[in-house]
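For reference, the structures are reproduced in the following blocks.
Shared between the two complexes below is subunit A, which pairs with subunit B and subunit C, respectively.
So, the complex of A and B:
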C-alpha cells in the first residue's frame, strides 16, 4: 500500500531565519513565565538580539547564493525573499528600539508585547518566501492577528480600542474577500501553487470571468492591507489610536508585507491577465496618491499627517504595478517594476521609521501629537529638528536625501513603459510630489520658523539611548542612500532574479 | 600635478560640506569659532578655484577640463562626471568668490534670530550645491546639485527673513520644485530616447539624431519649465520679488548672484546643446518672454516703494537681457549672456549688499522714508550710486558688456530664426535700457540725494564698517576691471560657446 503521507525533505538552512524567530519566541514566553516582573526589562533586549540573530541566517543564505525551493515550489528562498526578509528584520529591530522606553515607561505588558511583535515579523518573513496561495494566506494571518492586538495595546484608551476594533473588522473583511477570490482562482487552476496558477491563468479564455473576479477580489483584499484609497479608511484612525511604535511598524513593515504579497501574486500568478489588474492598479495608484496627499494637507495632528502621507506613498509604490506589463523586455520587463517597488519599500522604511522615531522623542516632552506643539522646536531641540527635517524632506523626495531616488525609480519604471497611460500617471505623480512637499514643509516650518507655544518648557529634550540609536540608524540610511543610491539600487535589482518564472 | 587636477573639482564641491560637518560638531555657543571655520572653508574652496584658474588651459577653453569620471549609480547608468570649460569656469569662480564675501559680510550682520552656527552652515551647504551644479556633467548629478540648494535657501529665507518670510519661503520652494519635477521627467525622456545615458557630452552627440523631432520639442518644453522658473522668466517670476524682499541680505545676495544663474546656465549647458533643433523652434518664444520680462520688470520697478523689491524686479529685467542673448542662438548673444550672468551677479549682488546695510542702519527700505544717504553716510551713498550706474549699463563698467552685445545680437539672430521678429525684440530691449536708467536713477535720487528725512535727521548714521569694506571692495574692483577689460571673460567663454553652438554651424 502506498504511504498516505510521505514527509518532504526539509532544507533547514533555508528555514534558518524562521527557526531563529521561533526559538526567540519560545525564550520570550519562558522568560516572562518564569521570572515574571523581575525580567520585564529583559524582554526588549531578548527581542532585539533575537532579531539580529535572525539576520545571521539571512546573510549566510545570501552568501551561499542560489535559490532554494521547498515543498514543490510553495516556499522559495531566493534573492527577492532574502532582501525582504532582511528589510522586515531590520525594520522589526528598529521597532523594538523605539518601543523599548515607550512600552517600559507605560506599564504595558512587555513580555507579551514583544511576543506579538515577533510573531507578526515571523509572518512577514514567511510571506517573503510564500509562493502558494495557501502559504500566502497563512503568512498574512500570522502577521495580521498579532497586529490587531498590538494596535489596541493601550487598552484603557478609547482611541486605542477604536483603532484595534476598526483594524480588526476591516482586516478580517479584507481577508474574507481575498479568500473568496483565492478559492475562485483555485477552482480554475486546480492548484494553489502560484506557478501553476500563472500557467492556468494565461492559458486562455477558459472560465475567464471567474478568474477576473478572483483576481479583482484578491487585489482588493491586499488594497486594504496596503491602505490604498478607497480602502484606506481604517488607516488614519488606527494609526492615531495605536501605540506610536506600532503605528510605525504598521505603516512600514506591515504595509511592505502587503506589497510583497502583491508582487508575488501579480507577477507570478496573474502575469497573463494584465488586462484585469493593470487598469485597476492605475486607478488605485492615481487615486491613492492624490487623495492621500489632499487629505494630508488638512491634518493638524502629526501622526495623522504621517498616516495620510504613508497612504500617498503607497500610491507611488502602486504605480509601477500599473505599467509593469507594458515595459519592454529590453528595458527589464516586469523586473523593472519589481525593482522599483522593492527599492521604494527599502527607502521608504528608513525615512518613515525615522520620522516616527522623532515624533516619539518629541512626544516624550510635549505629550502631544499636534503639529502646533512643534512650534519653535529648533530653539530647544535643534538636533531632533534637523533629524525630523531630514526625514520629512526625504519623504518629500528632495535630493540629496534618500527619497528622491525612490521617486526616481518609480518615474523611471513609468517611462520605461512609455505608454500614454504610464506618462499620464507620471504627470499625476509629479503634481503629487509638489502637493506632498507642501505639507511636509509645513511641519518643518512649524519647527524652524514658528515661536514656541505658550506654556511649553524650553529645556532640552532628553532622548533615551535606544530611541537615539534608532534615529541614528534611520538618519544614516536616509543620508547614505540619498548620496550613494547604489547601496539600495543593487539590492533592488538583486531582488528581481528568481522572483519571476 | 595630475593627481591634484583630478581632485580639484571634487574638492571644490565638497570642501564646503566638510566645513559644514566640522561646524555641526562644534558647540553652538562658540560663535567666533564658527565664523572662523566658515571663513577658512570658503577661502580654502576659493583657493581651489584659483588653482583651477591657474592650471586651466585657456587655449582649449572649449574642452571640458579637470575631468572626473567615476561610477555612481550603475543601475541607471548615471556616473559621477565633473568638468569645467570656458562657460562654467567663470560661474564656478563667481560662486566661490561670492560665498567668501558673504561670510565676511556676515561677521557682524547676523539677522534675527542670530544663530551664526546654523546660518553659516546653510551658506556652506548652499555653496556645495552651487559649485556642484556648475561642474556636473551628468544629468542626474546636475539634478541632485540643482536641488541641494533648495533646502538651505528655504530655511535661510524662512528662518532669518522678514515679516512675510514663511510665505516667501514656501513659494520659492514650491515654484522651483514644480519646475524641477518636470525637468527630471525631461531628463528621463532624454535617457530613454537618447541611448540610455545621462552623460551630457554623450547626449549632445546622439540626442538630436536619435530622438524624433516632436519628442524633442516636448522634452525641451520640460527643460524650459525647469530652467525658466529658476531664472526666473516672465511669467514664472512671481516667486522672485517675494523671496528677495523677505530673504536676509546674505540670502538675497546669493540668490541674485548665483542661484538665478543656475537656470540660465542650464539653458546654455544642457537644453541648447543637446536639443538644438528644438531650441530653434522655441527660441522666438523664449526671446518674446525675455523682452516682455525686460519691460515688465522695468515697469514693476517703477511701481515699487521698497528699495529691495525694486532691485528684485530689476533682476527680472536683467535676466531678460541674458535670456534674450541666449534666445538669439548666436555665439555673440550667448557670450553676452554668460557675461551678463557674471556682471549681474556682481552688480545686483552688490546692490543687495548695500540695501542690506541701509536697512541695518535705518530699519526700513521704504524709499519715501529714506533720503540724504550721501549726507549721512557718504561712502555708502557713493557706492550705491556706483552700483546703480553699473546696473543701468554704463559703458566702462561690467553691466554694459552684458546688455549691449545681447541687444546687438538680436539684430542678427541665428539662421532659421525670424530676423524681423528679433529686430522688434531688439528695439523693445533697447527701450528697456531707458527704463532701467529711469528706475535706477529714481531710486538713487530718493535714497541718496536730498536731505535726510525728518525721521532720521537727528540720528547719527554710521558709515561703512570694516566687514563692509572687506566684502565690497573686491566686488567693486571686479565690476570696474571687467568693464574695462571685457576680454578677460569673453576670451574665456568664446571658444566654449562656439562648441555649444556647433549644431548651428559655429554660430551666426
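So, the complex of A and C:
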C-alpha cells in the first residue's frame, strides 16, 4: 500500500504571529519558574512586549501581501485573518495594560495569569486562520480552556468560583453540542476542510436533513460563545464574578473569536444552505438585541449593565448574518456582510474596552460597581467622567463617536439586502438603538447630575500609568474612528477571504 | 456492517448526555454527562468516516483522537473548578451555587 501521508511544506513566515506568541509563553513560564517572587513585576511587561512583538509579523505579512495557504487549505493567512489577528493582539495588549495594576495590587498569581491570557490569545490568532472543522475546534478549545480558569482567578471568592463554574459548564456543553453537529457535517462531506464542506452541503436532497441538523447544532454551539439570547444566561453572572480585566477580555476578544468562527463556518462552509441558517440568525439577532436591551434597563450594577449591553451589541453583529445571502452581488454580496461584521467588531472592541477601563479606574477608589456609587463623579473625577461619557455614547451609537459608524454599516447591509425580512430586522434594530440610549444615558446622568453619595470621599481619583495608557488608547480610537470612519472602513473592506469558492 | 446502528448508538448516547447535563445537580455527574456527549461524537466520527471510504476513515479517526485528548484537558480543568467549589462550600450541589441570578 502506498503511503497516504507526506510531510507538508511549512511556510514559517505565515506562522510568524503564532510562533512569537509561543516563544513569549515559554519565556513567561521560565521567568516565573526561575526568579519566582523577585520577578513578579516582570510578567506583565514581558506579556505586553510579547504581544506588540507578535504584531510585527502581522504587519510584515500584510506588507508582503498575497494569500498563504497551508496544510491543503486547513490554515489560511489572508487579509481577513490578518485584520482579525491584529484586532486580537491589540485587544490583548489593552487587556494586559488594564490588568497590570489590578493583578499586581491583589494577592494573585501573576506569571500564570499572563500565561493563561496569552494562551487564550494564541487560540484566537489560530481561529482567525482556521478553515477546517478540526482546526476550528482546536482553536476554540485553546481559547476557551484558559478563559474558564481566568474567570475564576479570585480563588477564595465565592462569586469568582460561581463565575468560573457557570462559564465552564455552559461553554463545555456548547462545544460538545457543536462537535456533534461537526461530526454530522463531516459525515456527509467526508472531509473536514471548509471548502469541501461548502461543496458537499448543497449536493442534493438525500443528505439535506443530516446537514440541516449539523448546521443547527453548530450555530447553537457558537451562539453560546457569543452570548446570543436565549443562550446568554452565563454571561451576566460570569462577567460580574470574574476579575474586571477578564470581564473586558471575555466581552471583547472572546466574543470576537466566536464571531470569527461563525463567519468562516457560515460564509465558507454552509453558504449553500442559507435556507437553514438565515432564519435562525434573524431570530437570534432580533431576540438578542431586544432581550439584552430590556434587561439592561433595570440593572443597578454597572458591570452587569455592560454585560447586558454587550449581549445587545452581539445582536447587532448577528444581523448581517441573517441577510448575507440576500445582498446582491452588485453591492458586495456575502463579502459586504463579512465587512460589516468585522467593522462592527473593530469599533465595538475599542468602545467596550474603554468603558471597562473607566469602571476599573473608578472601582479602585469607590470599591463598588453599583451605578449609585457613580453619583457626582464629575465633581471629583472630571476626566474619567468625560471619558466614560464618550464610551457610553459611542456604545449608544451617537455621532461623532465611533459607534455610529458600526451601526451604520450594519443598517447598510440590511438595506442593501432589501427583502421584507431585512427591513423588519432594521426596524427592530432602530427601536433597540433608542432603548439602548436610555440606559447608557442613565449612567451619564448619574455621573453629571446626581449628588455624591453619603460617605464617599471626594479626593481626586489616582489613575495608574498603565490603566491611563489603555484609556488614552481606547478614547483616541473611539474619537478618531467616529470622525474619520475611513480608518476602519478600509480595514473592514479589506477583510475578505482570500479564496472564496 | 450497518452504519445506522452506530449512528443510533451515538444519538442515544448524545440524548442521555444532554439529559444528564440538564437534570443532574451534582457537579461531577454533569461532567460525566458531558463526557457521554463527547463519546457520542467519537462514535459518529468513526462510523461516518468509515462510511465515506478509507481516506475519510483516517480523517475521522484523527478527529476522534483530538476530541479524546482535548476532552481530557477540559475535564481536568472542570474537576479543578468543582474541587475549588467543594473547598469553599463543602458541597458540589450545583443548585446551591446561586449567589448571582442571571
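Simple rule for what comes next: the second predicted complex is superposed on the first by the 494 of 501 C-alpha atoms of A that agree within 3 Å, B and C clash if a C-alpha of one lies under 4 Å from a C-alpha of the other, contacts with A are read in each partner's own complex, and residues count from 1 in each chain.
By definition in this document, a contact is a pair of C-beta atoms (placed from the backbone, for glycine too) under 8 Å apart; a residue touches a chain by one contact, two chains touch by 3 or more.
Computed from a predicted model, the values in this text were never measured in an experiment.
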>> Let me test your reading of the model: by the given contact rule, A:369 touches which partner, first (subunit B), second (subunit C), both or neither?
In response: neither
>> Going by the contact rule set out at the top, does A:134 touch subunit B (first), subunit C (second), both, or neither?
In response: second
> Who does A:412 touch here: subunit B (first), subunit C (second), both, or neither?
Replying inline: first
>> With both complexes superposed on chain A, which partner does A:437 reach: first (subunit B), second (subunit C), both or neither?
In response: first
> Which parts of subunit A are in contact with subunit B and also with subunit C?
Replying inline: none
>> Under the definition above, what is the set of subunit C residues touching subunit A in their complex?
In response: 10, 14, 17-18, 21, 27, 30, 34, 37-38, 40-41, 44-45, 47-49, 51-53, 55-56, 58-60, 62-63, 66-67, 70, 73-74, 77-78, 80-82, 84-85, 88-89, 94, 97-102
> Any idea which subunit A residues touch subunit B in the complex?
Replying inline: 331, 339, 378-379, 382, 389, 393, 398-400, 404-405, 408-409, 411-412, 415-416, 418, 426-427, 430, 433-434, 437-438, 441-442, 445, 448-449, 484-486, 489-490, 492-493
> Which part of subunit B faces subunit A closely enough to touch in the complex?
Replying inline: 28, 71-76, 113, 118, 140, 143-144, 147-148, 150-151, 154-155, 158-159, 165-166, 169-170, 173-174, 177-178, 181-182, 184-185, 188-189, 192
>> So in the complex, the part of subunit A that touches subunit C is made up of which residues?
In response: 4, 133-134, 137-138, 141, 145, 148-149, 152, 155-156, 158-159, 161-166, 168-169, 172-173, 176-177, 179-180, 182-184, 186-188, 190-192, 233-237, 240-241
